[in-house]
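The next part holds the structures, each set out as structure tokens.
In the two complexes that follow, subunit A is the common piece, with subunit B as its partner first and subunit C second.
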Partner chain A sequence: MSTIEVDQAEALQVQTQPAPRRRKIKRKTVNTIIWFVVLASITAVILYPLLWLVVSSFKPSSEFGQNPGLIPDNPTINNYIKVVEGIGGIPLWRFFANSLLIALSAVVGILISASLAAYAFARVKFKGVGILFACMIGTMLLPIHVIIIPQYIMFQKLELIDTYVPLILPKFLATEAFFVFLMVQFIRNIPRELDEAARIDGAGHLRIFFSIIVPLIKPAMITSAIFAFIWSWNDFLGPLLYLNSPEKYPLPIALRLYNDASSTSDYGATVAVSLLALLPILIFFVVFQRFLVDGVATQGLKG
Partner chain B sequence: MFKSHKRRAFSVAAILMTSALALSACSGGSGAAGGDTASTYDPDEKVTLNLAFWGNDVRAAFYEEAIAAFNEEYPNITVNSSFLGFPEFWEKRQTEAAGGGLPDVMQFDYSYMRQYSENGLLLDLDPYLGNIIDTEPLSENILGIGVVDGVTTGIPTSTNAWAMYQNPKLLDQIGVEAYEGGGSWDDYAEWMQTATDAGEASGIYGGSDWGGRIQNFELQLRAEGSFLFSEDAEPGFDEADLTKFWEESAPLRDGVVIPQQRLEEVYPLAGFDTAQTVSELTWDNFGAAYLGGLGESYTELGLVAPPVTKEGAKDLYLKPSMLHTISAKTEHPEAAATLVNFLINSPEVGAIFGTSRGLPASETQLEGAKLDGLDAQIRDYEESIADRLGDAPPVPIIGAGTLEEKFRQIGTELGFGTMTVDEAVDQFFNEMDVVLNQ
Partner chain C sequence: MAGYGFLLPWLIGFLGLTLGPMIYSLYLSFTKYNLFAAPKFVGFDNYIRMFTEDPQYMQSVQITLVYVLVGTPVKLAAALGIAMLLNYRNKGSGFFRSSFYAPSLIGASVSVAIVWRAMFSGGGPVDTSLSFFGINLGGWVGNVALVLPMMILLAVWQFGAPMVIFLAGLKQVPQELYEAAEVDGAGPFRKFRSVTLPMLSSVIFFNLLLETIHAFQVFASAYIISNGSGGPAGMTNFYTVYLYKRGFADGQMGYAAAMAWVLVIVVAIIAFILFRTSNRWVHYAGESK
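Here is the complex of A and B:
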């Protein structure tokens, strides 16, 4: 279609000398406008649900269902006021603080434990390294439902239910095979000559790890940190099983308290609190997005 | 190939191990409390109890008040409460049940009673009935509700009955008289037709398809002297009964009731609480939620009896809206029973909760509750249907919830017209085969 148009334009150009330039530009502009309109309308369709969510957070609860349109009949800020006051006597910031505490601990734990474990698998030669590595990869294949009950029994016998320990301790023990694997692959790409040069200078494993490896796997560490944060922030099942006191709940569980299927659901509050809960992760993503792209792009080590 | 087999074998082994663990954790426990434990109990001992319930922040605030009142009387018993939404509540309980860590006292749902009782997870309350737990204010009917296989494991907090809600403001708007309650199913269908015709211009319908709710089917079965499911999971109906039920409601789906399309648009709300239908057959404790959903411009609802299938039949019954149970593994059964007694019988708790959990089951609690508006309507309604109330059916069979949901799903298919009645009956019986014979 467009090539035909271009051909015609060229044909016109040959026939009449002065006018055609402008006509060509005009054609181009028309094309651009058409593309722009088409793309903009597709984008609008895709973004509409999100826009609806944002605008609907200003609808009073009773308007959900009676007014399916975009614009609220009686706009109100009450949803936000109610949500910030919290639920069951616990203010909203408390849930944010809990989520943040769990997520940051998870990030720290994973960075320390996964990088150490990865170094051992990639650089230290010991008996059974192959089998142990396979075992670790094997844990990635285990569905979570298989281990959840034994794990619960274990923490219950240790009397650690209703503390954050069951949520944080495993992260310090390199149980997240995905991150170990990610870093192992990264370390394997680093030339061994660097370690060997350090060894000749008299460095032991610890020195090599901290002075050579850690600075070089920074992109992998940043990627891991971002994923660890997002996964932990969104984790629902773990906190649900291990925490009993409402004042210890993280955000995803608190979110569900606004939406109770057996009695009245407060849809206005649900929508408002969902938006608020999205914010930190959005900010986190915007700030670290550059590193995320770097982390994925820096596959090999050049130079 | 070989590898994947090995992996599968491994995961099967892992699953078997887990279920073995789960089962071993389930067994044992029940019946630990002998008949004389109540007498050796020291009421002043300092203990801590865990209490778990599902609900929203309003209910959480009610429980907080109730616990404060409890602590005035029993300062030595500390109660740690924990609450979640309904699905999460049960997800957590399932894991705890397998791991042996159920909370001491639980708000419980009727549909889970059989499963938890038969696995020995709930404390046998018989030794405490009549001493720690005052049974004077509870009628035989009500105590009988929490009995599974001859053992009392739960006490209902409150009761619901099947009823018909109406929206008087919408009826005014379309100029149709309210349905007076009772009557035959044909009378009700005719009235819905009138309302739908009158409300055509404003998009208001007479009601929704009663064929989509298993409770309406149960109501008709009970009227004929049958039942939905027996204690031994035998259905009380055959293909012909179900075909008849769905065929009788077929004309409704042809322009009388609200179209399924409209209902899908407002889901999880329903036609009634989005002010699109003027009547709805449902449990009588749904009133408050309906008013909440309708918003401030709607202040009252009509509450009348559902249609009568057969004159003089005992087709209605009181269903517990929720129960209180105690974990079989609790370390302080007497203190837990004391708390349950307080939550069930105390007039103060009645005053705090009103009818938000249903109409209080205990007479003392009912007296304590200040009932006005909708609450009083519900009390009057449950009194007015006394001569239609029969014995409650046995505690729901395992899988009853799945079948109820299947029934609802088939109802929506019928509403869309994507399934014939014969196909629907086939599908439901197939599902029943799977659920009942597993």
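Here is the complex of A and C:
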């Protein structure tokens, strides 16, 4: 009896020997499939609003509220035709041009001012650098609402309301500490030997900055440029405060015009113009996602 | 000297556009000022009025606190959970990482606020799909009870930025720690509690601090969704929306400045508490002397 049992057990063992490995591989494949399915479902939920935006912009206005499904019954490009004409006698391209002008100025201003400040914080030893660095970090935590009122009063006294100066000037003065901080982190990772070698060759700070640091922090510059562009493009409070004439409006404020004028009667037009306003950022994102995501990732670590 | 040369633009900006205005707004907060007549000194009047005679202010504080205290933890939990999910496998996670990050980039824009309002309005996609499951809520936008949850969902939708930071942190946790924990017989939950959380604590601290401060300052989406009114019934009248209305629509600059300073003090207290308690729960690697 017992020998048979042993035999059976042995036979079983022989049979099952290769099985655990196979089962393990199988389990791993199943896990991977579950992983993909779960993440794909989350992606579907997360990106649904964008998909909805794209598809709905081809819905005739009459279908909003009538056809809750995603796909339009009678797809049309009328929304776009209507929207491109503009609003209040101002063509749509004008708002795009205004946004572009402000955003490009912001990019130039931030790249210059933030890299200069970052070099000082990361590489130059001078009295008070510690406390000034702490101040710079402190401004990252400061709610901007405490400075917008006095800034508004200041720009009003200088008669700069309804110009782009209040929107652009701060960018040339490195007021957004995020960019300075990003570049400081980057410069600190550049080996100091490079500077020292240049200094031995007689290079001053300006020379070191332009011929060593600037070329080496290109990735940080690209990340900063993209963020500066996108944040400026999206900015709503700044232009809301400072611009009064519709022909000077950038897109976010112009969107409000479309939205107020047509939100109940003409949803299609509002949705189409919202998508157009978002399009440059979405394109930027698709092209530069690596830079953006890595920029965010490094910002949080090492601090 | 060279240092100050390089720092000059930043220094002008810091003194002229940040520190100077801060001091000036502190002064304004003790005055009555409408931009036209000279500021009139009123002592602590604005501050007292805020907390005793302004029910709109108190309501604004209340909904902002709910928004911050519910929205931020939920957003960070989602960010951490999904970061861990992404960290499970390297291949193929890049696409998901980018997709999840996208809302953070566009979430504060006017376009998204318009989309959000349309999606949550009566007969919109959210209402329709909930009705399919027998939940008839109608439109969220005009509903006093649902408009705040809708705003919180908009904040949570933007979990991508903290998620990316969490993911970078997770990649730096030494694998040996998990292996050692496994040898000691730790299950997945124990590994999370005893390895992941302590090793991530500095990243959690960073995200918690920035996201909390960020949440206090929600403006554009609330302004667009309520057409600048802060309605229905003041339920989207977030702190900054109300501050804007008082300062720039009603011309009560002194009162708005006082509101801004209360916000600064609250943010400073939160930052102080987080920094103060951080040595108890934030663990920095290589510090175990």
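Before moving on, here are some points about what is shown:
The definition used in the following text is that the second predicted complex is superposed on the first by the 228 of 303 C-alpha atoms of A that agree within 3 Å, B and C clash if a C-alpha of one lies under 4 Å from a C-alpha of the other, contacts with A are read in each partner's own complex, and residues count from 1 in each chain.
FYI, contacts are C-beta pairs under 8 Å (C-beta built on N, C-alpha and C of every residue); 3 or more make two chains touch, one makes a residue touch a chain.
Predicted, not measured: the structure shown is a model, and the values here were computed from it.
Of the two partner chains, subunit C is the only one touched by A:126; subunit B is not. Applying the stated contact rule after C-alpha superposition, one finds that A:232 touches neither subunit B nor subunit C.
Look at A:87: by the touch rule set out above, it reaches subunit B but stays clear of subunit C. Look at A:57: by the touch rule set out above, it reaches neither subunit B nor subunit C.
Within the superposed three-chain model, A:79 lies out of touch with both subunit B and subunit C [touch as defined at top]. In the superposition on chain A, A:174 makes contact with subunit C only, while subunit B stays out of contact range. Touch criterion met: A:113 reaches subunit C, while subunit B stays clear of it. In the superposition on chain A, A:99 contacts neither subunit B nor subunit C. Note on subunit A: of its two partners subunit C and subunit B, the one contacting more of its residues is C. In the superposition on chain A, A:278 makes contact with subunit C only, not with subunit B. Touched by subunit B in one complex and by subunit C in the other are residues 64-66, 68, 141-143, 146-150, 152-153, 156, 237, 240-241, 256, 259-260, 263 of subunit A. Taken in their complex, subunit C has these residues touching subunit A: 1-14, 16-22, 24-25, 28, 35, 82, 85-86, 88-89, 92-93, 96-103, 105-106, 108-112, 114-116, 118-119, 121-125, 127-128, 157, 161, 164-165, 167-169, 172, 202-203, 206-207, 209, 213, 216-217, 219-220, 223-224, 227, 240, 243-244, 247-248, 253, 256-257, 259-261, 263-264, 267, 271. Residues 32, 35-36, 38-39, 42-43, 46-50, 52-53, 56, 64-66, 68, 70, 112-114, 116-117, 119-121, 124-126, 129, 132, 135-136, 139, 141-154, 156, 169-170, 172-175, 180, 204-205, 209, 230, 234, 236-237, 240-241, 251-252, 255-256, 259-260, 263, 267, 270-271, 274-275, 277-278, 281-282, 285, 289, 292-293, 296-301, 303 of subunit A are the ones that touch subunit C when the two sit in their complex.
Here subunit A touches subunit B in the complex through residues 60-66, 68, 87-89, 141-143, 146-150, 152-153, 156, 161, 237, 240-241, 244-246, 253, 256-266, going by the rule given at the top. The touching residues of subunit B, when paired with subunit A in their complex, are 7, 11, 14-15, 17-18, 21-22, 25, 50, 52, 54-61, 64, 80-88, 91-92, 95-96, 98-101, 103, 265-266, 268-269, 273-275, 288-289, 292-296, 356.
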